[in-house]
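Take this structure first; my questions come after.
Chain naming follows the written order as A, B, C and D, and within any one chain the residues start at number 1.
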Amino acid sequence: MEIEIGRNRKAYWTFGLDEISLIPSEETVDVDEVDVSFQLGEYTFPLPVLASAMDGAVDVRICSILGKLGGLAVLNLEGVQTRYENPEEAIEKIITAPKEKVIDVIKEVYREPIKEELIEKRIKQIKAEGVIAAASVTPANAERFFPICLKAGLDIFVLQSTLTTVRHKSSKYKLDIPNFCEKSPIPIIIGNCVTYEGALELMEAGASAVLVGVGPGAACTTRQVLGIGVPQVTAIADASAARDDYFRRTGRYVPVIADGGMRRGSDIAKAIACGADAVMIGSPIASAEEAPGKGYHWGMASFHPLLPRGTRIYVGILGTLKEILLGEAKRDDGTMNLIGALKLSMSSCGAQNIKEMQKVRIAYAPAIPTEGKALQR
Amino acid sequence: MEIEIGRNRKAYWTFGLDEISLIPSEETVDVDEVDVSFQLGEYTFPLPVLASAMDGAVDVRICSILGKLGGLAVLNLEGVQTRYENPEEAIEKIITAPKEKVIDVIKEVYREPIKEELIEKRIKQIKAEGVIAAASVTPANAERFFPICLKAGLDIFVLQSTLTTVRHKSSKYKLDIPNFCEKSPIPIIIGNCVTYEGALELMEAGASAVLVGVGPGAACTTRQVLGIGVPQVTAIADASAARDDYFRRTGRYVPVIADGGMRRGSDIAKAIACGADAVMIGSPIASAEEAPGKGYHWGMASFHPLLPRGTRIYVGILGTLKEILLGEAKRDDGTMNLIGALKLSMSSCGAQNIKEMQKVRIAYAPAIPTEGKALQR
Amino acid sequence: MEIEIGRNRKAYWTFGLDEISLIPSEETVDVDEVDVSFQLGEYTFPLPVLASAMDGAVDVRICSILGKLGGLAVLNLEGVQTRYENPEEAIEKIITAPKEKVIDVIKEVYREPIKEELIEKRIKQIKAEGVIAAASVTPANAERFFPICLKAGLDIFVLQSTLTTVRHKSSKYKLDIPNFCEKSPIPIIIGNCVTYEGALELMEAGASAVLVGVGPGAACTTRQVLGIGVPQVTAIADASAARDDYFRRTGRYVPVIADGGMRRGSDIAKAIACGADAVMIGSPIASAEEAPGKGYHWGMASFHPLLPRGTRIYVGILGTLKEILLGEAKRDDGTMNLIGALKLSMSSCGAQNIKEMQKVRIAYAPAIPTEGKALQR
Amino acid sequence: MEIEIGRNRKAYWTFGLDEISLIPSEETVDVDEVDVSFQLGEYTFPLPVLASAMDGAVDVRICSILGKLGGLAVLNLEGVQTRYENPEEAIEKIITAPKEKVIDVIKEVYREPIKEELIEKRIKQIKAEGVIAAASVTPANAERFFPICLKAGLDIFVLQSTLTTVRHKSSKYKLDIPNFCEKSPIPIIIGNCVTYEGALELMEAGASAVLVGVGPGAACTTRQVLGIGVPQVTAIADASAARDDYFRRTGRYVPVIADGGMRRGSDIAKAIACGADAVMIGSPIASAEEAPGKGYHWGMASFHPLLPRGTRIYVGILGTLKEILLGEAKRDDGTMNLIGALKLSMSSCGAQNIKEMQKVRIAYAPAIPTEGKALQR
């Protein structure tokens, strides 16, 4: 929907998750008969949840736990896990640094080079846990690290940067994504993208799934620092339209994974209602007691040498990863039992599975009313 | 009104009570000549006010006081009143629990089973006060508890859950609502619902009145935790349209009772202007000095074992129930003399009764201007 | 402009002063050549400013000072000035009452009956100062006090209540406004009203000017307590349209006086740009060092016995009344030199007089951007 | 885009920088291959950044440093630099004044007359640094100071006031802008303006570039005190449309310089995306450690004798001017490495130069979502 913001200049009206609400259905479903499983190529995940490739959230242990719970954690192959034999020490430095020095400490920690033997080692460690192994690399390092990944037995490769496009104008080296995908014997998830065309081009390039989300919120440093981004409701709906059009044309279904800014079960329910097949979450994972960050979390752009975006933040420790995803919730703010909330939301919306949830009615409810605020006096 | 939130994806634009204001009329009515009475089947209530079936707000005493004032309090038959011979002790545990343990304490208190003899006893106690007796049960317990209620002399049965629909997909037991209503010798109020179709189906199923409101505000835990809900202005208007269409078709008038998020007289006036015949309120009742919660209030989803929604909150004690409903107001923020405010609002809008109030002009006034803020320096 | 807020239910989209901004012109006017005078019947006021009939803002002294500066203060004939021989004592009680008892103290002070001899005395005191005398009475007391006012030499009569309409349904006494106006030998300002039709009916009833504003802001108690009101931009524009239509039809020009929620010069400029001929202000007057309230201000509904709306608030003392209206400003927040700001605003908008200012271009600028916020670090 | 704000009254819907976001492209550009240079007449500036003619931000030293970095600082010829031989002392008085006396101190400091010999001296000092010299004068002083400027070797003249129009109704002296431009041997930048017509008339009058921005934000004193202004998105888009239309008609390209309210790299990126060719910034310059204000900043309307607008504010010292513009950023909030952020933003939007950046897709994203807020717990 376009809106005129000045003479001869239009803008595309976009929407964020906080501005919408899901409309309960007239036909409800028993909550125990709701199916939230997510299909990625030949893999079926009981939970539609991926853990972000962030160093405070994912290490081998989290890969193992989340894999056994039914989701998929993605290990960052360019973070502390592949720079340090003992990443715990590096993490300790980051989480104990005084607030005013933390950006410098983070930069320092990430100056240590990535070691190829550690890439191999970490992947093998994940495989040894008996779960599906997924790991992420940026386009610049993709061709160099990919053979190591394959050799180590990686199951799913994630090619990820803030914004990944098939067409990149540069006089330097650049990755040929269609060729890269074509040669790959394993599924490749690519991201992030944020428009219909961007998602479509990644699908046409051979992506097995796409990650959607760039600067999804005002609080997101990408929007604050760079001024770019599209709020998630519109970004997901547009990418989903690309997926549906591409599927209609080719018969190949490329799942859309919403990535970024989701913290509560309601956020996940809304993202799926907007069209997502699954979600990738960071903070909720980082707030698990098993997470490597011990309640701290930092973005992978935090150590950009010239333009750091995001810093270390304290998310707290809310409970075990199982409690956060499946309950029992010890809090009433929606940050625990994310899957329980998703199922109850689907039940209320009359959706028996993810496909049905993608079609439920949405309300545009922009006001943050004080209705009910009495309850918080 | 639809709005495009992404490619091929539309949302229904919804509105909350805080976003609207009522437009004064050119023909005013003397405030003493305004009639706010509400008709429910054969019963006429001088006040269009029901008290929510919540344990901090309603016990036998409140049923008696509100009944005598002209409203109707609904006793929760699945709360402390039917689990404990001496509910005061259970309530004392909840209201004295330290903040960080309150969810656990609430869960513990509600683990005690419901006792059928207490259902009978409570209803008889209400009847003994000489007022109309109303009590609520969830659909899962309706068939089991209903005969007891009838035997005890209940006048009005309230079938209530967060979202109650006629069509519920489940392989387990489910209540046949049309059949249940047909067999009932007493009026049945059913809720909650939040859409035109949802309200219409409950009316067609035989409801004597419907309760409207699911996650009416952003502060409401249902919207925060589950992501579902419709702001009250739109929900009430839609349910009222169903009522009017149903009445036109069948000649049976099924009142719409707005439930949730109303705290001030202005909220009640707005709810009626949107089409409601009456309102159901919780916090204002809980803030009466006679209320069982002694200034504390908690929702009936607070003790959900896996996904608690809402916790104990302190609403304070503002005055007697009579003062809260009929004044004299000791505060100037609209939380006291709710009926006085409703009448003065109706007087300004030129409405002599509830039916006329349902048709007054509404302003969409979304801004919270600082105009007049000087008055609060 | 209508907007659909639910099925079969529309609302009128209304706007507040904070949501708009005035668009500078391509043809500017020297600030010293701007004329802000305001014509009311045969009277020409150099300043388009009336002082509200509120006890913290207006007494005989303020009537004298404002009259000499070129505006018009309206004395409240139902406040402390006519209840007490020495109103200073009554005011002292109000301004020294502890916060938690102030509503009770105000109610107590206003229980003292109005004395007819004091009505006469106050008007004569104003006349003795050599300025135009204006005073306000509510419709209920109009016929009783009006002869006394005339006898004492009152120049302009203000018939004012929160909402005054020509058509009032009541089985009790009611004022016949058209008849009252017809018999009056002096101009009668009537208010408040807030719609096109409401303003038009008052004009047709014979008003010499109308006061526009009911619950102009969310902070306004009328909107908070009663839920009624129309934001000022729309209310003023609608009343101004009535004035223009009425003038076209009858040749009689009935000025529109915006009343309520204006605190800064920018608010006054915007109100006039929306169509007002003059403004009535309370808080800025109450913050003059000569004001009777000594920095305190309270509304005339504060002492409503059953439903008090508004309480005593501290507006502070900013400077002399002359400094507040004409500068020199000692503050940079727009609360001083209101007329200087109005003139500079008119100069930038290319308006040489009030009539031209009523036609300047308006921007709808709802966002409260953080642009420029750096300046406030 | 017009919106009806009342009967017979329309408003022009305007937008601020905080309400928009830039949509990433499907075709990205290597960040090192982005060209941000800005052409003004015969001059090419590597950086599209002008420093505001404000006394806390610009002195000779800043002119030298910014000039060598590739931008252009504008010296205020009516400020402390031309009133005092040793402006440091005057500045010291302002920055050490206690908060409650600062407006008086500022007024006092600016009571000292401007000295023509200092105008000449300052310009020569800038020239001696080997950089392009630019300085600003208000229209009232333009004819008097211009010959001195030319004699001293000024390269670019800035004719600036809050709002400068070609047509000014006054019985006093007024500057004939077209004639003034025609006679000038050097480029003349004129501002500020804020509408299509206003910008067009300045271009037709002979401006070499126009400054766009009047009251760009709610926090801006101009909007608060005077009620006038247009948010920057719409103002820039409209002025840019005038530039393009004027260029189409005449072949002369008159750059649009956005002035006001930009603090972060994202703001600059958005301003250019709305159509600006360059930006003029104050606060970021004032927060450089070399800036004369030592972390303090005040507007040139702060010392208006009757109606001061804006006061002294503390912006802090963030780093060297080079660090603020080109990094390395020591902060992650977007206030450092403004050009790095602009380049990365352009890279993501697929814009290789300013001209391409002016055409990127814009999202209207008004909500300030809490998405991602978890990251700030």
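The rule is short, and it goes like this: a residue touches a chain if its C-beta (ideal position, glycine included) is under 8 Å from a C-beta of that chain, and two chains touch if they have at least 3 such contacts.
Nothing here was measured: the structure is a model prediction, and the numbers come from that model.
*Asks:* What's the overlap between the neighbours of subunit A and those of subunit D?
*Replies:* The common neighbours do not exist; no chain touches both.
*Asks:* Indicate whether more than half of the residue numbers at the subunit B-subunit C interface occur in both copies; give same if so and different if not.
*Replies:* different
*Asks:* How much rotation, in degrees rounded to the nearest 5, is required to superimpose subunit C onto subunit D on the basis of Cα coordinates?
*Replies:* Angle of rotation between the two copies: 90 degrees.
*Asks:* What's the chain with its C-alpha centre farthest out from subunit B?
*Replies:* D
*Asks:* Can you work out the whole-Å distance between the CA centroids of subunit B and subunit C?
*Replies:* Taking the mean C-alpha position of each chain, the two centres sit 39 Å apart.
*Asks:* Could you state the distance in Å from the CA-based centre of subunit B to that of subunit D?
*Replies:* Once rounded, the distance between the two centres reads 56 Å.
*Asks:* Considering subunit A alone, which of its residues make contact with at least two other chains?
*Replies:* Residues 13, 15, 18, 234, 267 of subunit A touch two or more partner chains.
*Asks:* Using the touch definition from the top, list the residues of subunit D that touch subunit C in their complex.
*Replies:* Where subunit D meets subunit C, its residues are 3-19, 103-104, 162-163, 165-172, 193-195, 197-198, 201, 214-221, 223-232, 234, 260-263, 267, 283-284, 297, 299, 302, 305-311, 313-316, 366.
*Asks:* Using the touch definition from the top, list the residues of subunit C that touch subunit D in their complex.
*Replies:* Against subunit D, the touching part of subunit C is residues 1, 13, 15, 18, 20-30, 32-33, 196, 233-238, 240-241, 244, 264-267, 269-270, 273-275, 327-334, 337, 340-341, 344-345, 348-350, 352, 361-365, 367-377.
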